[in-house]
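Down below are the structures I want you to see.
Next, two complexes with chain A in common: one pairs it with chain B, the other with chain C.
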Partner chain A sequence: MRLVCVIGFTPDKQSFGDNHEKQKLIWQGCRMKLNPDDGYALGFALHLKKQNPDLFIEVVTMAPLSVTPLVENILRVGVDRGTLVSDGIFAGSDTATTSRILGKYLKSIDYDYLLAGSFGDDSKINQLPPQVSELLNINYISGISSIDEDTFSSSKILVEVEEEKAMATYELSAPAFLGLTEKCGHKLPYVRLKDSRMDVGHRLQVIDNSVLGFEEREVGPKGSLTKTISVQALRKKTAQQRIVGTDSEGIEYVYNFLKEKRFI
Partner chain B sequence: MHRALVYFEKENCQHAVQLLEVLRQLYGNEAFECYALTINGNGQVCQGKVDYVLDVQNQALKPYDQRALTDVVSTLCKTYDFDHLLFVASHFGRTLAPRVAIRLGAAFVSEITAVRHDADSQPQFIAPEAGVQNIGVIKAKAGKPVVLTVRPDTFQYDGSQEKTTKQIKLSDLEFKAGGIRQISRHDNVDNNDISDCELLISGGGGIAKHFEALAPLAKALRGKVSASRPILDRDLIPRSALVGQSGKTVSPRLYMALGIHGAIQHVVALERVEHIISVNTNVNAPICSLSEIVVHGDAATFVDKMLKKIMEDNSHATD
Partner chain C sequence: MDKNSVLDQLNTLVTADQINTNTDDLYEASADRYKKYAYARKALDVPAPVAIVYPKNAEEVSAILKFCNENEINVIPRAGMTATEGGLENWKPVTIVLDTKFFDKIVKIDTYNSQATVQAGVPLQVLEDELRKVGYTTGHSPQSKPVAKYGGLVATRSIGQFSTLYGGIEDMVVGLECVFPNGHVSRIKNVSRRAGGPDIRHIVIGNEGTLCYITEVTIKIFKYYPENNKFYGYLTKDIETGIKILREVMVNGFRPSVARAYSEEDAAQHFYHFHEGKCIVLFMAEGPKGIVEATGTAIEEAVEQFKDGIIKQVDSKLIEDWFNHLNWSQKHIDDEYAEMRAKDSHAGYTTEISADWETIPTIYNAVINRVRTEFDRADEITMLGGHSSHSYLNGTNMYFVYNYTINCAPEDELLVYHHPIQKIIVEETLKYGGSMCHHHGIGKYRSEWTLEEHGTAYFMLEKLKEAFDPKGIMNHGTIFPQPEEVKKYIYQQD
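Let's look at the complex of A and B:
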């Protein structure tokens, strides 16, 4: 059985720059981190591999080459293959174009199930699994809180899904794309100290446009149907802000505010 | 004349009604026709609010079968030549809309929270942007349709424009169902609806170790407890109490943020909050810049002292 985890990296907010005057995000040089829910999807796949060592796990991501050390660490915790889809002409692609690029690679490989996190730190990440599923003509279901592991080796699996107002159980035929949540309960393990220098280069492949063969007008900003034209601060600092402490004066101030606004 | 389709998902009709306000803001004074798509519903909620109800009745069409729904929506889009397709950013809306956009080769903007126009009167969409305290202003390139998902509770439809609604019954639409089957479904017993609550006491990573202390304060103030993502990750709340991009948008009169940092994924859900009080050891945390009152200090200490103060006041009042 082959599982492919489609993962995303988001800017680490601690190192992410912004320039409100120019209304641009500064991506260059910013540290990236694995989207947290994708970590749960990977953790689940590795949990299955513990029970079934023949299971083959590939991790696929589209990102700048600067994420290579992060992908290498994922290989060091037991993932069999890492595929980094990366090329300068892909930079600036919107999510739909990113999905088309990843979809083209995924069409060329075999898999039983694709796995990803249900929710992204960045809402754009959430669009990717359904868009890739549409391109691959497979089902996608998000919000999976548990998977019946006994059904994993068969052609149909049972998954439990947390919807807004209900819990539901679905049966899906392979191949399918599964969106997992933290409820699946398996975190991505840390790299063991003894494995931290393990050479995993032979298990990492970089797929660039010489393999995928897109024309320049199909990808990047030219191939994208949406464009982020500026970024702005969400809400300006409130004009009448008051800073108080947790001493009796501060508590009194908040208490009086609550009374004045009739919360008490 | 512009034409737009709003998908009235059976379980989210009330949220779908709010999307009519998005259309009003998109088209302004320009004439437009609004179509509501209902699948195996009765379309009653759309009466008087839209021009047409596309009433699809076919019990083989299931709300969770996104491939089949994509067939239906795409066919309708080709038939009626819509300019915009709008979906609530609900559990199913979030997966159906991007599929439809890919199928139609359409521009797609997700989770919009506002609409505005540039100098050339072209629409721009406001949506959360990655990583920091920012929102992105996004533009779709020329061409139609444009597919949008809209965060629930971010637009308010006032229903002032009464329309004559015509029903169009559709029973012969082609779609390919399959590959997914619902085995069982039961309603969540957790009825903690924080989206229409007046007062929310919300906790984050800074108060995780004392999170249980929030419930008595919420009770004393007749509010409810909610939380940010680090609390969900520690399994201390159900997802229904999560405020943020992957949780709920809230609009209480008062939001008390205790030990919450205020990443964009969280604060994007607070745009319609009237008053924010934050309690944080770091006054430079993003949530503090949005707050009317910032209490600089330990959130657990604040909760303890505030609760004592309220109790004392209550006991004086009853003496």
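Let's look at the complex of A and C:
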């Protein structure tokens, strides 16, 4: 069985900056991190691989080459192959164009299921799996909170999706795209210290436009219907601090505060 | 000898219900609280023992140890399971854990002679509860009091929160019974003092299961005067002021049961409701009324002497409340494990050292400075500080306390975070002439410095091991350094 995890990297909010004058996101120098929900999808795939070592896992991402060390670390925790779709002319592509680029690569490989996180830190990531599924003409289900692992080896799998008022169970045939949530419960493991310098270069491939063959007008800002006009980092609201004593007035204040916040 | 043969032979020595081969229990028995996070995450990387065996008397212990000695099978003595330094961790593929579960009888409470005799598996709390009924106390109150058992307390040279008055366990043990690897049972009789050669109790006290197995202990007991307890607390400008006040009280000949000085960081952790971002010094005076009053006066005089470093006095009720909730129970331990399973964090670690009064502040400052400037994950430390909590005429201890966010695999946590910090603490302590180990025992994770700790006196320690455990079957890797296993299990260098 072959699983392909389609993952995305987003700017780490700790190092997120914006240029106030130009209202543009500053990507350069921004530390990138794996989209958290994609980490759960990867964690689930690795969990399955633990039980079935013959399972082949490939991660596919479209990102600048600067994420190479992050992809290498994913290979060091047990993923078999990493594919970094990256080319200067892809930079500035919107989600629909990114989906077309990734879709073209995914059409060229074999897989049973595609996996990704359902939700992204970056809202654009949320749209990618359904768009890719549409291009590949396969089913997509998002919000999966659990997968019946016993069904994974059969032709149809059972997945549970937490809906507003009920838990729905769906049956899917391969190939399909599965959007998982953190409720699946399998975190991406950290790289073991002893593996941190493991050479994984031979398992990492970079797919550029010489392989995919897009015209320049089809990708990047020119090939994108939507354009980012301005980006601003969200400012955190800081709650006002109030220090009270351990006298009855202070205790009453804390009690009323907890009551108001419905902790009591 | 292979595992199945070991089990077959054990079955000829004890009954089947005394041999535990339950997988979960063996997993639990393969390490102690030093590897609490890896344990909680099911990521322990050490071999599980073959079995946990529960002997019922000294004769059975003798037979088991003889069998293990003849067949060179590693034995880890266990009582209470609150060890924090890897003393209960297993580094051998074929190991038996010898547990004190059935050594659970209080043999005698003798108030007239102020002593009590217990078997090694009696929990400290159980004896304390019995003594309270007759107006006495053990005077021993480590944080692990509700869980710890006497065999473990004696084997690790434990100390309690009231040690400044009552002493450590070494000051309390009157006599004991123990069994050596060749099967010999020794009883050290209970007398008020002796001068018949070196004090052989100290071969057993603190041996951490590396020389013998403790089966019975007689300890001193003390009259209990809770109605006289007095509490004192002060915010101080720095930890040095707190240490100077502790010293003043001690060298003037007073013995408060509790005498502690906290750094700002550690004070914030313990006294969130009144620390005000400052250091804290606190005391508890205990005993007969006249002594308590005299001790209280001495504390106030010492505080007055160093008033330039005092910010303000704390309501004594707050100190009393804090003391009444200090011990951790089995529930605390279970809750911490549950939290570790759910989050990439735990309640932190401590490393305790000791030195004379003059040297303690030097070590403290050197350690804090080195950790902050040399530790390559210093930015992931969420808490770093310390407190002095056990004082003596000539010096005190320092309990370094630290915590961090865990951004690595559970198997790597100790090597990435805890061990490098502990290494700095031990190196600075030894450099300035202190002891790297005040009361938790050396275990396995400070064994690489045992030789440096003892210097030329290591000769004596080494000869004890050669004499009592020539085949090295007792708790392999604890106290006595084993370079190959240190490389493998501490530094992950296979």
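We adopt the following convention: the second predicted complex is superposed on the first by the 231 of 264 C-alpha atoms of A that agree within 3 Å, B and C clash if a C-alpha of one lies under 4 Å from a C-alpha of the other, contacts with A are read in each partner's own complex, and residues count from 1 in each chain.
The definition used in the following text is that a residue touches a chain if its C-beta (ideal position, glycine included) is under 8 Å from a C-beta of that chain, and two chains touch if they have at least 3 such contacts.
Note that the coordinates shown come from a computational prediction; the quantities given were computed from them, not determined experimentally.
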{"item": "Touching partner for A:Ala166 - first (chain B), second (chain C), both, neither", "value": "first"}
{"item": "When both partners are placed on the shared chain, which of chain B and chain C touches more of chain A", "value": "B"}
{"item": "Partner chain(s) touched by A:Arg192 [first = chain B, second = chain C, both, neither]", "value": "second"}
{"item": "Which superposed partner A:Ile141 touches (first chain B, second chain C, both, neither)", "value": "first"}
{"item": "First, second, both or neither for A:Phe263, with chain B first and chain C second", "value": "first"}
{"item": "Which of chain B and chain C A:Thr246 touches, first, second, both or neither", "value": "both"}
{"item": "Interface residues of chain A shared between complexes with chain B and chain C", "value": "246"}
{"item": "Chain B residues touching chain A - in the complex, by the definition given at the top", "value": "11-12, 64, 66-67, 70, 90-92, 94-96, 98-99, 101-103, 105-111, 124, 127-141, 143, 178-188, 199, 221, 223, 229, 232-233, 235, 239-240, 245-246, 253-254, 263-265, 267-268, 271, 275, 277, 279, 283, 289-298, 301-302, 305-306, 309-310, 313"}
{"item": "Residues of chain C defined as touching chain A within the complex", "value": "273-274, 318, 407-409, 411-412, 415-416, 492"}
{"item": "Residues of chain A touching chain B in the complex", "value": "10-13, 16, 18, 25, 30, 36, 95-96, 99, 118-124, 126-127, 129-131, 133-135, 137-143, 158, 162-173, 176, 181-182, 224-235, 237-238, 240-246, 248, 250-255, 257-258, 261, 263-264"}
{"item": "Partner chain C, residues of chain A touching it in the complex", "value": "189-194, 246"}
